[in-house]
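Sharing a structure below in structure tokens format, with a few things to ask.
So that you can tell them apart, the chains are marked A, B, C, D, E and F in the order they are listed, and the count of residues begins at 1 in each.
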Amino acid sequence: MVYLTRVEHFNAAHKLYNPRWSKEENEAVFGLCANENWHGHNYDLYVTVKGEVNEDTGFLMDVKVLSGLVKTYVLDVVDHRNLNLDVPFLAGKMCSTENLAKGIWEQLEPHIPAGVRLHAIKLYETPRIYVEYFGA
Amino acid sequence: MVYLTRVEHFNAAHKLYNPRWSKEENEAVFGLCANENWHGHNYDLYVTVKGEVNEDTGFLMDVKVLSGLVKTYVLDVVDHRNLNLDVPFLAGKMCSTENLAKGIWEQLEPHIPAGVRLHAIKLYETPRIYVEYFGA
Amino acid sequence: MVYLTRVEHFNAAHKLYNPRWSKEENEAVFGLCANENWHGHNYDLYVTVKGEVNEDTGFLMDVKVLSGLVKTYVLDVVDHRNLNLDVPFLAGKMCSTENLAKGIWEQLEPHIPAGVRLHAIKLYETPRIYVEYFGA
Amino acid sequence: MVYLTRVEHFNAAHKLYNPRWSKEENEAVFGLCANENWHGHNYDLYVTVKGEVNEDTGFLMDVKVLSGLVKTYVLDVVDHRNLNLDVPFLAGKMCSTENLAKGIWEQLEPHIPAGVRLHAIKLYETPRIYVEYFGA
Amino acid sequence: MVYLTRVEHFNAAHKLYNPRWSKEENEAVFGLCANENWHGHNYDLYVTVKGEVNEDTGFLMDVKVLSGLVKTYVLDVVDHRNLNLDVPFLAGKMCSTENLAKGIWEQLEPHIPAGVRLHAIKLYETPRIYVEYFGA
Amino acid sequence: MVYLTRVEHFNAAHKLYNPRWSKEENEAVFGLCANENWHGHNYDLYVTVKGEVNEDTGFLMDVKVLSGLVKTYVLDVVDHRNLNLDVPFLAGKMCSTENLAKGIWEQLEPHIPAGVRLHAIKLYETPRIYVEYFGA
């Protein structure tokens, strides 16, 4: 078994704000991240799939196909968007890196081709903070 | 003469939107960057000063002092903010990387200590796009 | 379960020198790293914790809290220090990256909050050498 | 148990071309990568070994020894070479990153010293594509 | 005046080989880089333009337009190619990073829009070697 | 004219300590950097030369020759050393990044071959602090 990773990039606005809490509670917990006028990030997204190598191509899967799936099911939904307002798969959830990584897994996993399995989503919010998710 | 650079980091929301234009004109020129609900970036900021080395310290200037000036006059104003809504020095200007770099120069330049001169502001909007400004 | 990583930075002096060996034996095994006058590194430290996401915050744990624990129990002890002379948790041990990574785990692990577990310490000594430790 | 990783670098030419297929089939599957005149890459190679720490040295193994093994059994064979034409361990195989990573494992694994085990080969073809292999 | 830089990426095969010299002379001067079967690189290309900021857009020039020019006049010509065999603007020249940087300048410069000037081409051959060219 | 840069790496111990001042004065000015037991860094060194391209080689100068000069006149003197105790060209000077960059220029400049000129020394002390020197 081999593991193949494709790195993609998107940027988006968000805020950390729990609508069931008061403004003061949000600021106490989330600090500057609760700024009501939003802030944003350049996200680096690592998508890892695993499986056996095809003898004819030498590929686990064509990395251009994987990149196309990430574009269709993730980047077209989140890139240059507001994660709190514009992204259906985050509706009703806190827009944390943790939930974003899990949501990206759920978006992508059903579309990974037969014979290959999604292994990991790794998502950098800043160069110093990242989250990994390996499925439920 | 030597040149000393300090690298800092902030993140912010913005959009590229000219209020004197229609929504259609904005989308034609700025594409996804005109998304009315904002998007955002992790900005990397390089501040370069120049001058002579002090013999007693070996320093052009204490890099902790430079870092403190950047924090007070720039980061405290833009970090975790909305560049269009929250930043006084960008009021009435397009929130492009070009104008942000020029605005940061104007914020910092009056506070650089005597004997040292501000040389350059270099601002990365993404790892693949940056602007440099060397003063008027 | 999700995994959250915080990246921190410190720099320190050290040497690789086994006091039970002669100077010649140390130089034969450790080469330049045995220089009696020390050398040093910028260390990059990746601390990974794992657990379930809190629904109210969207967080596994607040990354600022994690960063604060790393500062208190690791950085305040090793940053701008001499690993051989100044760091209690390395006393009597060889100051290798391996032992430093294990020592950092032991410093941090008792302070990770309930419901979250320390998963990994990854420590870069140079951009081309790193050690990972996942606990005993 | 600790894990130690050494990062090395090489560059090489290759093409993705299945000699049992027509030129048209190759271009349909591999696109620009099938260019008959070759293209090439700077490869970053991460070699990870695992085992127990030696008390006298503080080392899992001497990283200079590991680096020497990688030079002898991998870099001297692939660096500044044509992967399709010059590399015996890839003869008769597709020159994909997947097969290159597996081949590097097979080159190195027999030479890892007693008491230490090869854990992973991670190979970047570009900064946005990498493959990992953990053995059969 | 501001300076705007766009970073692009391509990969290519090449060799350093002077056809007016013997094989022995080429190997003496160019070493492994003269391997007759080619080697290759991931090149990072920094294109810098300079000029005044447009008040309506906040742009020196639209970075997507700049990126499109680089794609049309450079990347489509060199990416996934053999620099010695496939690239008209290098015909009859040594395929060094120096000549490649100068050739890229000459390809791009006539197409930079009025009011903006090409300032620099910076070309990384490896992460440790780069060339800059600022025009004749 | 073209500019060619080679990136090298070394690591060293140092402290910022003015022997003409009291311990208290040193700590007030230099803080943790004055730790009497030293600290250290991984330094990244960028050496830039400039001149005309040789038609026969395509080179400004052979980058392996440049790398060899840096090794002989700089790395062999500073790598795995104590900058305060072991480095003749820093004797009697404060061991700041500024003075280290100037000293490296003075070490290298007399050995640059005829027809090529040393243009810049750029020295990173940490990923967030660097100094540039372009000669007297």
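In the analysis below, a residue touches a chain if its C-beta (ideal position, glycine included) is under 8 Å from a C-beta of that chain, and two chains touch if they have at least 3 such contacts.
No experiment lies behind these values; they were computed from the predicted model shown.
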Equivalent interface to A-C (more than half of contact pairs same by residue no.) among B-E, A-B or D-E is B-E
Copies subunit D and subunit C - interface residue numbers shared by over half, same or different
different
Can you work out the whole-Å distance between the CA centroids of subunit C and subunit F?
28
Whole-Å separation of chain centres (CA-atom averages), subunit A against subunit F:
41
Residues of subunit B that touch two or more other chains sit at 127
So the complete set of touching chain pairs is A-B, A-C, A-D, B-E, B-F, C-D, C-F, D-E, E-F
In their shared complex, at which residues does subunit A touch subunit B?
9, 11-14, 32-33, 35, 37-42, 79-82, 85-86, 126-127
Residue numbers of subunit B touching subunit E in their complex, please.
16, 18, 20-21, 29-31, 93-99, 101-102, 127-134
Help me check something: in the complex, which residues belonging to subunit C touch subunit A?
1-8, 48, 53, 55-60, 62-64
